[in-house]
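Below, each structure is written out as structure tokens.
In what comes next, subunit A is part of two complexes: it sits with subunit B in the first one and with subunit C in the second one.
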Partner chain A sequence: MSDALLEISDLRTSFKSESGYMNAVAGVSLSLRAGETVGLVGESGCGKSVTSLSIMQLLPKTAKVEGSIRFQGKDLLAMKEPDVRKFRGNEISMIFQEPMTALNPVLRIGDQIAEPLRMHKKLSKRELHDRVIELLKQVGIPRPEQIVKEYPHQLSGGMRQRVMIAMAMACEPKLLIADEPTTALDVTVQAQILDLLRELQARNNMALLLITHDLGVVAEMCERVIVMYAGKVVEEGDVRSVFRNPQHPYTSGLLNSIPKLIGERERLQPIRGNVPSLANMPPGCRFAPRCPHAKDICHTNHPSLLDVEAGHKVSCWMAEEVAAR
Partner chain B sequence: MSDALLTVSNLKKYFPIRKGVLRRTVGHVKAVDDVSFTVQKGETLGIVGESGCGKSTMGRSILRLIEPTGGEVKFENTNLTKLSKGSLRTLRQKMQIVFQDPYASLNPKFKIGTILERPMQIHGLYTPAERRKRVASLLERCGLDPSAAEKYPNEFSGGQRQRIGIARALTLNPSLIVLDEPVSALDVSVQSQIINLLEDLQEAFSLTYLFIAHDLSVVRHISDRIAVMYLGQTMELAESLELFEAPLHPYTQALLSAIPVPDPDVKRERILLRGDLPSPANPPAGCPFHTRCKDAKDICKTKKPVWKEVRPGHHVACHLYS
Partner chain C sequence: MASYILRRFIGALVVLFGISVITFIIAYAAPGDPARLIVGAKAPQTVVDAVRHNLGLDQPLPIQYIHYIGRLLHGDLGFSYHNNLPVAELIGQRIGNTVQLALASWIVEVILGLPLGIFGALYHRRTADYILSFLTLVGMSMPVFWFGMWLIQNVAYGLGILPLGGVGGISHLILPAITLGVTNMAFYQRLVKSSMVDVMSQDYIRTARANGVPAHRVVTRHALKNGLIPAVTYAGMDIAQLCGGVVLTETVFNYQGVGQLAWQSIENLDFPVIMATVLIAAVFVVVMNFIVDIVYSLIDPRISLS
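Then we have the complex of A and B:
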């Protein structure tokens, strides 16, 4: 796709450990168009957060990041740190799960929101102050004139997340990466924050990469969804087509293991076993040990990501067999 | 009702707020404020509410893990609130708890076998050989290999640790288990394994559950009846399916409408609540929800609504229905 805003190909992120390198992300390719909302789902340890931190280049030095991450055609991985800084917090910004740990407890709210503006925009003191107030208003914070002088601990969880969003929106980024933005919040607050994200996105024509484990949030917010398992993309496609017609046994397993909100209660159908650890990855398809349909080939060879219908891809030997026929 | 296992009446837990050098009490956080309900033998009562609504405090006050400030808790026919320390300990065999965080609730220095035998030792039950046999069979019943007894907590994943926590709660053959957010820390695929396990165990050992959680779809799935809490008070209590089909309280309606549905074709009317949860140290006068309620009338600001059965088995505290 030439109109891609972000294009990641064959991203491999590994961490050094006593027993060699461990692949947290093992060859992930994905792309986002301007203004698009894409959900990245998976369980803990599937590599979704490491993928986002690789894009932002916020990983520690012990991490090895390979492949390419192109943003508006430029390869972020090939850039030097000072050039990366021109993008980070400016063109691409990020919000995190825990607003309490992500905000600096000893800095006033106003100063924290002003920081990206000071770095990337040349504004006078007056303009800076006005912009901060405007941002706080935009994210629905009451009494912005007083809030700028307060500290994070004086705000509730929902308010802190709004502050985080205001900070991320400061330079009007083209891409916002939201890593579990509502996981730490209650449902009624979650509804407020999701509403706010939708509104800001529409106003600024910003692309949103929403990382979550909550399939409900994906169904509600996203146009496309990417399902990750153990460092690899197992399925990708239009939300409706993936939810209606899941092709990978992991995706359907996830959908079947959530209790329904309407109709009769049925016994849940869990996925057996546990997520494999990084140090102990199965050699073939990484889902094979937990898969109810696994065959011999699944345990030895990894399937490739195949198109099953327009825009709907899956990495599974069952799909390969159908395609070969 | 004759077969009530647990009867909670007017339960209160106030935490004092102390200030100054003399640590004088300047106010109270009303974590649980006048809550009453019964739990029938063999049923699962779900308790839902947002963080800070007092649901965990309530679970712990019922077991007297924290001392309630007022009210009464009756277990079978014994009044727990009046019991001496010694008799309470004996009775605790019948009431157990499973905690949310399977990482923090198991002592990392002890082997699983020791952790599971401990409750039986304390209560002087069984011979050592019988205890070991019982540990092995409980581990197996909870979906773990009996060899787990020889390992330490750090060798297990979150889901497996929660299975251990559940096995520990079962060692004394309890009739009531308080489950305080037992699946909230787990991944979706593991969460459903634990829910199924809890359902199986309930049937096998005729257990009664008090299931405290904030995940509404999980609570709907597992509970027979559900109580909704807000700022330390119960707002509504009804049969699980009825509560989801026809919620009466404006807070319940807003809460249910806020759940994201994992179906891209379902578009629902969402009731967005204004503002944040008021502080439980300074709750609003009248109905605690009136500051955020779309249907609030003048009376809601001054008079606390009474807890009323408006349909058979469906209780609500709201002026709209009085």
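Then we have the complex of A and C:
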């Protein structure tokens, strides 16, 4: 996999607590090629945000991150803080779920967008200003000359998310991690923001790791999808292949809990039960307690991630049985 | 903006009017007869009555108050019974000293409290933070008169490098300013620490870090302005209080300021001076509150004055 832009292998992120370390991410491996869009999906608390913050190393000091995260062949986890900083906001950028709180209330929009440029590029004041205006135009903000002088509270949520995107795009990163970028926005604004992300991605040949719980967004945006459950990858593959032929009961469960507008209306089939707590993980397959097909082995041993077809992997004992036949 | 200032000004007048009424009533309800005090214990009653009449003290309270306010509006703070000088002159001699000491003390408080507060926030719940919290608690708990005297004995007298007390130049300011600064800085330290701990966990700090901003710049450029807002509130009250006169410190250092004057006037039942010192302290509080509101609007763009 020499063409991988980002290659994460066996990422384990744990948090120190009173009763020892809690594994929020338990051995996740994934990779992204340049220019590719990958969706990382799962319920709240499945470790998808922790995975993204592990890449950027933005977790609090109580977190322990192990494994390897290679970006363009260099292991980010082996680097010292000042070296990691050269990647943040420069080669790898991130946008967050809450545009309302992710911008600093006491700094002008223009200054905030200029911050990554100040950190990573040597530009004159004039060039800086021009670049900021250009970025604001790129993300479709009207009156950029005025907006640079305004403060976040003067903008709507959708506009603020555009500002966040402009900030993330400032240094033309090779990878953009978008953590639930549209969750906090109105539906109409959501579509605009997704369109904008797609357009910017195509223009800059940027890889996009889209973290979401919204399978509709994945279907619309992504080439590949990675499904996480309780800190582990349970299924990954091309969006078409995974959506048409989900192998893991959890993936099928997620797909069944989307309301259908076409065809006969059926009752929604929610997944029973709740995500297990970090302190109390089942010893075998982590989905076993909620799985309608669970057998004895599911409760005792964890299945490995297995190829079911080209580029489509699943971690489930049912798939292993089929493969063994 | 203009209408805001006008509204604040009218509000300030109401506050000052209220304070003048309250101090007037308290001063006259206090035991002791100023006329008797002026003429001495052995003077015949007729003399006392004459003095009372001259001072207008034999008139009903509301009439006395109206006379007092009338004079006040003409800038006349009255006449000190004890010093035989106009109150305005007495205060005028000392207000400069008090303001100097207030500013010097405030600078010491901020120079100590602000960085230590930021430090405490960055090392929150680590050993360094616990040690620092303990030390600031000690500083906060030291009585001003004890610490002041300790400094006089060990630094001024022991080392012989600084004056023992009195006023005159910067050298006379150092010890009283340190006394007030060390005992008061803990309030800034705690305020700044708790607000910085809160600010450092905000999403926009994560955004700054995600942009590759180094830790020191995250603090100075992205966090500090947000973290200072509670300290500004306190600074307003603090400066007003210091400018109103610090009775204990000025007394310990024999520093001729408004605080010492207030204390002496209370001892001598010198009502016109007592009322003037209270009124001046109130003016400082009102003015500082106004300045604090303006500073708020400068720090935080979400707060507007209109």
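Assume the second predicted complex is superposed on the first by the 325 of 325 C-alpha atoms of A that agree within 3 Å, B and C clash if a C-alpha of one lies under 4 Å from a C-alpha of the other, contacts with A are read in each partner's own complex, and residues count from 1 in each chain.
Just so it is clear, contacts are C-beta pairs under 8 Å (C-beta built on N, C-alpha and C of every residue); 3 or more make two chains touch, one makes a residue touch a chain.
Here the structure is a predicted model, which is why all the values come from computation and not from measurement.
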Give one word, clash or fit, describing how subunit B and subunit C relate on subunit A after superposing. fit
Could you look at A:Gln146 and tell me whether it touches subunit B, subunit C, both or neither (first, second, both, neither)? neither
In the superposed arrangement, does A:Asp214 touch subunit B (first), subunit C (second), both or neither? first
What's your read, subunit B or subunit C touching more residues of subunit A? B
Just to be sure I read the superposition right, which of the two partners does A:Gln192 touch: subunit B = first, subunit C = second, or both, or neither? first
Between subunit B (first) and subunit C (second), which does A:Pro82 come into contact with in this model arrangement: first, second, both, or neither? second
Which of subunit B and subunit C A:Leu58 touches, first, second, both or neither: second
Counting only touches as set out at the top, which of subunit B and subunit C does A:Glu98 meet: first, second, both, neither? second
Smallest distance from any CA atom of subunit C to any CA atom of subunit B, in Å, after fitting: 7
Taking the two structures together, which residues of subunit A meet both subunit B and subunit C? none
Touching residues (chain side subunit C, partner subunit A) in the complex: 202-204, 206-214, 221-222, 225-226, 299-302
Per the contact definition, I'd like the list of subunit A residues that touch subunit C in the complex. 56, 58, 82, 85-90, 93-94, 96, 98, 101-107, 115-116, 119-120, 151, 153, 164, 167
Would you pull the subunit A residues touching subunit B in the complex into a rising list? 43-44, 142, 156-159, 186-192, 194-195, 213-220, 239-240, 243-244, 253-255, 257-262, 265, 267-272, 274-275
For subunit B, which residues are in contact with subunit A within the complex? 50-51, 157, 159-160, 187-193, 195-196, 199, 214, 216-218, 220-222, 241, 244, 254-255, 257-266, 270, 272-273, 275-277
